[in-house]
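One chain, chain A, links the two complexes that follow: it is found with chain B in the first and with chain C in the second.
Then we have the complex of A and B:
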């Protein structure tokens, strides 16, 4: 890495930005801004006992809300049992025959497994992700067919359990010359990333944790634990069928969107007035619906607004899972959907029920209404139509479409041109107190190929394409700077690295994180002047770029 | 004109084409890009019969096992069910039988059942014989149709039309309390002939040519006492 401590200039920049509040900061945040980095760092340093305790079920926020709104005596009461999607013992025991079947498959392929590991489906990938049960049964593989990976999963399981049982320790990673394997044991699951990329161990653990949370989001932690308590050998793919694509998409999404790297959420830039009208429309329509916990509107992986029940906030990682769900599910576009959703950070023990729909055919904004009441479909459906009408009448749909279609007249459509600092090639800015993110060039996730195609062809590091740097490449370049900045033992505050390809400045203060790519061989003082202007611009546009209010019902 | 409001639930294993069928019927198109249904999707449609209009609330459910215990939410109070299987999959046909048992023991009121064998375009891969499916359908008092969401608009239209007609019969029989019907004052059947779109567009207008449909051939659940809905 070219960034050494001698690259860091003596405190040239004052640690606090000029104005009293850094760009984008406001007193009340719609999101829970706690950073996840420390959590992942602690994940990586916890002892075996600590790990076992940390997954013990916490109290249920959903039950708390239900009792607050007086739903407790209503049919919802036994949340844990009636709301679990899979409660019947019979269906679990019914899996016996099925799991025998897969075991047989595993045996059949055992002889071929060495060949399979060398097959084109699996070799030369930049990064593999495997998920298996603690009994060693394959659950998910990013590439190839996990059915044929029973042998490999057995080896992984053996490695993990040998370290645990014989050494009373945790296997965290294995490094070779060009490759590292990172292991994460969470509840009844073992997750492994095998990567040739330059991502740090913490960043890989973060990705594995997201994959775990995606599974929890589909099943709840309570259910996941119970299944394996009842049947250690259970084939979880039965319950996850149709959800593999969510994990696929999530992993692709994480590679491309810096929001994950920074633990922040992107907002759709909108005129202040338009966002206010949208929020008002939701508030006035929904404030009588007592069991509604969150109303979230999003478009193109960007948050438009979020209205919440007092006292409850959402964590960025829960929002990321919602973004992933919406982006991966074309089927939401055809009809109103009613679906159970578990948000692991909010309450990993139970489901919220979500009314999910797109605002209208001519406006691809998606509205999620999340409630604790499983019978609330019709009132929420009614509310959605009322909201859609209000938005249409107040011209908000036009504003949303303008932002989505990147209307040339908007200052946020082409920020670099608008700011007018030609040396800046790319930047990303996170406001820490609100956990919101703005980058100079929105990544186009729409270009993602069908995930099945990617399964066969994607991720191959042998075929290097020569292309103009895209947002994704800039973000890849920032990774190692991010990890120096988020490093818990000796965090860097300011990194300046200049070479013949480009110049990168990474700067963290109490209020923000900023990553900027300049032309090659920039001088420090020149770069610092440019950053100063950049921050002024962000401050000027903050009302448009960020969500500056934290409305409640 | 008589107006009937009814709820119909679409059941069957994942991937048999439930969503494709409903989207084909309501949207008159087939999309290759349908992703697996998550939870359930809700559609509405109107079907104009000769002298009545049927307003259908359609619940398209997800076939995945993890949503299995949500199913009662959707079939509770349903007046009709489409039981869809994939003619190339024996397992999906077996799953239909499970659904029928579940409906029979959990839905106390009479219900219009239709068994639908989808993907009829994949004749070469057929694994369930029409005769077997038809026989099973007859045994539960259901009609049997084969459809292809890929090609066959007519077959799918017919499924919904038949269901609407059977619902009309059912409502005339007054057997079912959850089936709402009323006379609509604003639509005068003498002035507006069948087939003319009214303020709410009908998804479908048609004449039903049915084999001997009698009320006796409509499936009845085992009536359970003391059941609260």
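Then we have the complex of A and C:
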């Protein structure tokens, strides 16, 4: 297909200032800005054979680092959990053997399963997520008790294998007018989302991939594969206790935060100087610790800074998993922790070891120091205290707290008011080259909390009356726009849609993606002017909104 | 042009209750295209569909619509309870190996909504000429389906045109006097022959009068315009002008000779009917005018009756037809002045009226609408509620990477689309151009100002 990549943003806004770079772009990105949609498109078009190969061959970045540092990379010690595997009892293999039959004929197991699926725990949910092993054994269900879903999992496994074995094909999705079931086979796991939301198939597959990565992050892909090579019928839940909670949180997180939709990372808006001081504090303290791969500081699902070993970058999806880990683990707040973390995009074969702690009682910024050394807790703990002291002395903690508490005086707290464009109700901007995003109204932690409370009964579909849209609703509205912009067969560069509720503009150029909600029936020339002003403002504030440097140790 | 036969991997109809026990799977399959498919493969495909339908029924009350695998798309349609029609289409896809050597998917991909419409209209055609599936006994249904669907599928062409994406009826605009003449003629006819009811009046391929439920009208219209009339026009050309000059007009249905035996039964819902009933269909044609009449099946249609009808209709219809013919010539001259350089489409959901810019494709084949653009229009047209959500009034403008601007406007139940290819335009200029086209081409039709 002919694509005109030499496109300039000025197509719509002809009086755009001739800046060198679009707002937020810099020559040096701290993140690996691979577009997850593009990555996805290629993944989704891989054939059956290619899929099997791609999971098997991947070199280990971690051992590469270890050998560079000159350390003998000892073969990974069998962890406690895989010992567990050896002594596993054999009794759990019964349930899957008859799974093929349930699909062919409606017999008793089927009716039993139907009853449970119609129970209040499961019926009327907006989005189900099921994870099972390729042998059909349940591993995770977002709602209800996965034990009772053995029948359903049998059916899923049978569907997947019938399409693969008899048709030499891959099952992708099934849809009705109001519901989509999306299937993803990853290594030894089958992941399924059954959704009544308006997310596209690609967006759902992306979420399933994240769920898979979350499991990999707890186990490593190597271990996951080995477990099922040794025992196809293994009950993975034994190894994943605790990870269910991470997946639960991740699913909510993904439904709300546009960071996932755009494959970008949100940064905590900070004065340029403050961010520089923080980065310096980390660099000067850690440059002697030679095994340290990444030092990441984050707060409230927003990145403050990231210092990395030369040559290695982090993918936004790995950062999202770290956000999720920090956000889901209350225990990090009370004590310094030492935890193995596998970052699937960075290296899915092994663990990094992470020192995780909050900077201080009075500042909710969390510092992660990731190393390849298994026993570096004490030097890293030492480093953390040094950093915390430096930050306190340079007043950085105050700056972080101001940003977190959304101090009224900051321009980024209420950007729409600050720019003074009353006809814009909401916007979201992604700088493509650095994979960072900024929205007019960051979804704060307490709002997520609200959302979770509202969905306490568990993501039921509710007929709600819309009085005032929350930022989450705005992002929901952008989903369809986002998927048509990124549609592989018929992509769009610009969508302008106006109706009696609102006017939405979605616009993608080589450098950025922008989604804006205006008042209804907005005049086009006014919209053009407003977008122009918005882009100028983002450019002006880019040092504050985005991380413009890519510091290394 | 998309070669439908090459795209359709298979097409089948099944009803699981026809062979409820194991070993009887083949009985469930009422029809399978291509028929040379092995029994095992037929069973397997139908079995997969049954399983998929059952799986989705645990999550949704709505019937299953589609199954997508890496290489195929299965489109489901359940017109009557338990009867499933499934169309399996190959979808182009690139493997990593293929994209590495720079080979991309062809532009001949099939728009899902077009395939669904194909499925639906095949059923509606079946229902019009054969009736409901459930009225057939198990003994009959296999052969009935085979006799109907095999020729139907083989005769269908999807030309990748807007008319396939938005299925509507081309109405002929007439001045008051001419339209009044048509109405008077129909009234007089129905008054003199009370058993007959005029259900449609078509000039060339354009509809002037409709006495059917709009949904059935679309089916009858498609049958006439796509299948029956082209054949008749062909005959007229080969038959020469002499035969036509001798007589005022002729019956297409029932054809000359043995008329009472060749009466054709159809199931139709007339405007005043609450449900579809069986009628005899009578089609009469003179010059370029075609009228369709229905007669209740309980009425015995005598040859004398038809002769008398012929004597009544013939002279009157030819007078009207020539008046309309003059009108059309004037109209054609007027529209020629309004010729738009950009492609536009108008559609009204209430009466299915469909109008498009004079087909430039015949003059410049290169200006045929690209399938990607059509696909976007199909999305706007079909996905009205969920994504575009234009509601009673709204507008959407989409720009594609290859500089096509597609605009869709909605005002109550009316839709208007314009396709503009313009490299250095901005949103405002496109919107102004669309407004201009709308005003000149759709004079007298109200669109909310946007």
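Note that the second predicted complex is superposed on the first by the 478 of 553 C-alpha atoms of A that agree within 3 Å, B and C clash if a C-alpha of one lies under 4 Å from a C-alpha of the other, contacts with A are read in each partner's own complex, and residues count from 1 in each chain.
Quick note on the criterion: a residue touches a chain if its C-beta (ideal position, glycine included) is under 8 Å from a C-beta of that chain, and two chains touch if they have at least 3 such contacts.
All values reported here derive from a predicted model rather than from experimental measurement.
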item: Which superposed partner A:245 touches (first chain B, second chain C, both, neither); value: first
item: Partner chain(s) touched by A:219 [first = chain B, second = chain C, both, neither]; value: first
item: Which of chain B and chain C A:496 touches, first, second, both or neither; value: second
item: Which of chain B and chain C A:525 touches, first, second, both or neither; value: second
item: Chain B versus chain C as contact partner of A:126, first or second or both or neither; value: neither
item: Partner chain in contact with A:423 - chain B first, chain C second, else both or neither; value: neither
item: Partner chain in contact with A:335 - chain B first, chain C second, else both or neither; value: first
item: Chain C-touching residues of chain A, taken from the complex the two chains share; value: 1-4, 7, 11-14, 42, 45-48, 50, 103-106, 113-114, 117-118, 128, 152, 155-156, 158-159, 162-163, 166-167, 169-179, 181, 194, 196, 198, 201, 480-481, 484, 489-501, 521, 524-525, 527-528
item: Chain A-touching residues of chain C, taken from the complex the two chains share; value: 22, 44, 47-48, 51-52, 54-56, 58-60, 62-72, 93-97, 99, 104-105, 107, 109, 372, 375-376, 379, 386-403, 424-428, 431, 450
item: Interface residues, chain B side, partner chain A - complex; value: 14, 19, 22-23, 27, 31, 33-43, 60, 62, 64-70, 73
item: Residues of chain A touching chain B in the complex; value: 84-88, 91, 218-219, 238-243, 245, 325, 328-332, 334-340, 354, 374-375, 377, 381
